[in-house]
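Following this line, the structures themselves.
Paired with chain B in one complex and with chain C in the other, chain A is shared by the two complexes that follow.
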Partner chain A sequence: MGAPALILFLAFYLYPALQNLQFATRRWDGITEPENVGFRNFTNLLTNDDLFYKTLGNNIEFTFLVVIFQTALALLFAVYLVKNTKTTIALRTLYFFPTILSSVSVGMIWLFLYDPNFGAINLFFKSIGLPSFALNWLGSETSALYAIAFTQVWFHTGQMMVVYIAGLQQIPKELYEAAEVDGASRWKQFTKVTWPMALPTTLVVMAYTTIQSFRAFDLIMVMTNSTAGPNNSTSIFSTLVYFTLFNELRLGYAAAQTIFMVLTLIAITWLQRRAFSGRYEK
Partner chain B sequence: MMKTQGNKSFSARRLGAVAAVAFAIVATTLPSALAAGEVLGKACTLEGVSTGTSSKSLVCVAGSSGKLTWQKVRLGSSIGAPIAEITPPQGSIEFWHYRPEDKATFEKIIANYEAKYPGTKITQVVKTTTDYNATARVQILANPKAALFASARGSIFNDFVKSGLTADLSNERFVKRNLVAKGLTAGTVDGKVLGVPYHYLFNNPVYNTELWAKEKWSIPKNLTGWVSWCKDAKAKGYVPLAWPGATRGQAAQISNSALMNSAADYNTLSDNLADLNSGKIDLTSTWFKGVADIYVKLRNAGCFPDNPTGVTEAAAYNLFATGKSPILPTGTFSMGSIKALSPALTGKMQLMSMVLTDGKVVAEGIMNNTFNLSVNAKANPIDQRIAKSFLSYLATGPVAAIYSVATTQHLNVLDIDYSANVDLLNTSSFQGKNTMLAPRFLILNTSVSDLTQDALIQIVGGKSPDDVLPDFSKQIKQKLAG
Partner chain C sequence: MIFKSTRIFALLTFAALILVPSLIVVLGSFKTDAEVYNKPLSLPENWNFDNYRRLLSESDLDVAFRNSIMVTVTSVALTLLFASMASFAIARMITISGKVLATLFAFGLAIPAQINLVPVYYMFQKLGLTNSFIGLIIINVTTTLPISIFILTAFFREISKDMYEASEVDGASPLRVYRSIALPLSRPAMGATSIFLFVINWNDLLWPLLLIQQPEKKTLPLAMLAYRGEYFVSFSMLFTAVMVASLPMVIMYLFMQRSFIAGLTAGAVKG
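Moving on to the complex of A and B:
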């Protein structure tokens, strides 16, 4: 029964993964004959590549920001919109709307909004007398990553809100009724009932958001005009691998980078599960 | 009788009017250096200056005695007038390119071609430049139907060549007879024509003639002049240069002007760039520090927009098209987009020399042959023949004129009549100037090229060359070491 699934797994997951390991030990431009270089790609990456460490830092910071804010906002919206009324359904639709847009469209919209001289955001700040808040959002090393992280949160919060709503609707009403009888405030109800009961959903949301953050490639490419930001300030693993592969034609080196990308992703997901699993099991 | 006289009188008037218009066009479009005296065999003063790129154009050349005279020189690489296109077999191919703004014009040309050759079909696959440069080569490698494709001169074209995708077109008759031989250099590798550079661009700043006349400005002649002009323009409320710092490819155009007079001569400059490409020298070299210093002086004079590193190509075009900026420092290839944004600017744009040195002037401006059209060597022979046929069709004067006029591009094709596009006519004068083949494309390594431009962009953004140049040199070194 499991044979077809096993064949598919071997053909489309295990074999490419093993082949990637093999590529990582080669120096190859995809055109000429590959040269076996052993672990040189890995040592080079770890000892002589500042961009790699910058990317690692960017990726962790970007993921951290997006996971924290996207999860918190999604939960907040879900808590307020969990009941099915006309207003909540309309608001859910509104918040979910960005999710149905293509990432290129979202990137273009925010590229215009963030324009330092013509963009609506800076025009707004200037019009209310706060010109110091009108920044060079995407053109500055210090703000570009945060500006894109904000867009990523705007883009996907609605989607995670729907996941939360589905999870919150599974919480037995009796728990809230019992808490009300005990005189628990709404905050107490949230901390003692909603949050613990929503932990399994939170884990799913956080894991999915983490993976989404690693795949923010399209948004970053559009919003930085395919440059990974000023002085690579928005370079994350997916853009780094892309530029190494397609711009520099270094297939072996890109393969080595993907291995570190996967290891980082596994480490972050493991840490998240470890942080929550104890409480979840209780 | 009266009627005949009346007709004659009317015809004479009409003839006179036509002659006057023709004279006006010729007088306003001839390069200033060629305003008079360009007669076969007569003396001329500036060697190498030509009257255009027609098969009947004259060029100023030195004879055996050293005397400069106007001579009819062969612009193609073989004797003979331009020829008609190759007749294609039936079938279908894809034509891949990176100019979405030209899609409609190519559609029109393709429709004419398909009507002329029923059973032959060309489908355009169009991507944005950035997307194309990053993905097209890999996709074309896996798609032999992409029988005709474009690539930008320099590292991108070089990558296509290295991939074995470019068929040798050296022996095609249309290549020898329909194209300007000098312009083929950008598509020639080891003596083989592997790409036909279709565009003959001028990567020089475009200026708004109306604004310049209103402000009574004259074009600065050196770096000191540019610094003064920027200060004046800024004081009058303009953004002196509509520089798109967020779009690397366009932001880099001005680097051609900064580079062109940065060394004693073209050979020294090309050696410097080759050394930069190979890692023999880095961005902290005295020569490159001089280039960076030009950017610092322009930045400090207020030449660039506010928040320059965040200004996208669209925003820069907007600055120029709305008259907020008197100069768009990109090139002739932007004029079509500007006219689409502001039709009122039709006929009010002109090219300028941007001499950014106070020392010796090696060149007055930049030209570039790009949009290299190549036939896919991995396509099947029939598809290759269709691709060659369509390419030869594009290389005929009348067809090239359709493209040229509609897209506001000068082309590397002989015998194009530019008179239907006033902006092309106005800027044709640059064909007679002392221009240099765009030097920035001599950096063939994409990473080195990108990092070099990024370093200059960071300097415009406000950073000190003392911080930026060592930092980016280190990044280049690490890229080259990998």
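Moving on to the complex of A and C:
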């Protein structure tokens, strides 16, 4: 009974994934005969490609920022909204709302908000008498990546908050009652009960957010468009692979880039597990 | 006291961060550009549907809307069917084959489908599956199978063994047990998974961008991206497009908040 799923998976998931390894050893435009170049794509990427290093740096910075802020905010709002009342449920529904929008729609909305001339953000800063805060958010090399990271956090914090709430509601109430009897402050309760008990959820949230941040492709395509930002400042792995494949028709080189993309993703997830699960086991 | 006031401040700030942009979009779709730029939060001077009429007559978004419905509904239906069958097999077959299946799909869960951008692009061109709804549906179903199987297997395992065994004693075939026991009992899980799949497929940009070039085959996010290129100077028109593209989801969300929230976090919570 698993046959249809298995056939699709083998033919269009596993087989291409293995084929990708072979493609990565070629110099190839996908049309003419491929030329076998061994590991030269990999060595080229590592020794002779500034854009690759810029992309790697951007991707790590972007993922790091999004994971830190999205996880922290999701946990904060989950703690604030963990009890089921009319107000908290209404707020949860509102916070979750951006998740159902398409990333193209979200990108368009923020394209307007960030617009240097007409955007609501600059209008806001000018109207409260802080015109120096009115920047060219997406058009400047220094702010474009942060602007997109902010949008990404806006987009998915509500979703991760709900994951946290599900986790927090499973913490036994007795633990809090005991802490209160001992006279523990709210902050103490958080550090001694909530945080350690929610650590498994934190790991799930961080892993999920990391994968999500690697998929910010859509936002970048809409918000900083085909140039991947001023001076490639918003180039991340998925946009890099896409442009290498589509604009330059270098299939082998793009395949090698995807391998580095997956390695980076695995490395980040592994580091998170190491950094947090150690403390959890103690 | 400090806890209370920071709590209220933080909650209200984030609420405003979501409400204000949403209002700007809703109101903006009824405004002229000048009104959007000067007074983004004021009510439109004339409530009319001019932008919507212009959108319908000038753009291909209506075609893209139909394409998206077709591709999304077919993809979701096929994924649910194949994933539930495979999950049933995994949950019921304690034999080697069940374990092999589970391991294979777990591998798919760990490795993001993006790694296949290059080979899929090449393979689909050779098979004539670019600019084709069938190609897009194949890739939609394949990339969402691992997560769907992951969610559904957990639910099929929760159905008590006695239920299965009783019917097997009665001589029912696995297909019968699947149809008359597993499926009806897992309706909530199937509902949650289908919402999850619906949102993912409806909103996906990456694969259509890779596989579809012909304008008449474009899905909604893809057509929106092209539209953004044409109308980048007119935010009132962009907002109108955002409204049209988001409305089906928003309406469903308003009526089925609980199922939406459950569905869109099922993958993460079950993990």
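Things worth noting here:
Heads up, the rule we're going with is that the second predicted complex is superposed on the first by the 268 of 282 C-alpha atoms of A that agree within 3 Å, B and C clash if a C-alpha of one lies under 4 Å from a C-alpha of the other, contacts with A are read in each partner's own complex, and residues count from 1 in each chain.
Methods note: a residue touches a chain if its C-beta (ideal position, glycine included) is under 8 Å from a C-beta of that chain, and two chains touch if they have at least 3 such contacts.
Computed from a prediction, not measured in an experiment: that's the story for all the values here.
For the composite obtained by overlaying on chain A, chain B and chain C cannot both be accommodated without a clash. In the overlay built on the shared chain, the residue A:85 is in contact with neither chain B nor chain C. Within the superposed three-chain model, A:19 lies in touch with chain C and out of touch with chain B [touch as defined at top].
Of the two partner chains placed around the shared chain by superposition, chain B and chain C are both touched by A:242. In the superposed pair of complexes, A:47 makes contact with neither chain B nor chain C.
After overlaying the two complexes on the shared chain, residue contacts for A:132 are found with neither chain B nor chain C.
In the superposed model, A:29 makes contact with chain B only, not with chain C. Touching more residues of chain A than its counterpart among chain B and chain C is C. Of the two partner chains, chain C is the only one that A:186 touches; chain B does not reach it. Of the two partner chains, both chain B and chain C are touched by A:118. Taken together, the two complexes place residues 30, 111, 115, 117-118, 225, 242, 246 of chain A in contact with chain B and also with chain C.
In the complex of the two chains, the chain C residues touching chain A come out as 3, 7, 10-11, 14-15, 17-22, 24-25, 28, 36-37, 40-41, 81-83, 85-86, 88-90, 97, 101, 104-105, 107-108, 111-123, 125, 138-139, 141-143, 145-146, 149, 174-175, 178, 199, 202-203, 205-206, 209-210, 220-221, 224-225, 228-229, 235, 238-239, 241-242, 245-246, 249-250, 253, 257, 260-261, 264-265, 267-269, 271.
Those residues of chain A whose C-beta lies close enough to touch chain C in the complex are 1-2, 4-6, 8-9, 12-17, 19-20, 23, 30, 73, 76-77, 80-81, 91-105, 108-113, 115, 117-118, 120, 123, 154, 157, 159-160, 162-163, 166, 186, 204-205, 207-208, 211, 214-215, 217-218, 221-222, 225, 238, 241-242, 245-246, 251, 254-255, 258-259, 261-262, 265. Contact residues of chain A toward chain B in the complex are 29-32, 44, 48-51, 111, 114-118, 136-140, 224-227, 230-231, 242, 246-250, 253.
Those residues of chain B that touch chain A in the shared complex are 130-131, 134-135, 137-138, 159, 162-164, 245-248, 305-313, 315, 318-319, 446-447, 450, 454, 457-458, 461, 471, 474-475, 478-479, 481-482.
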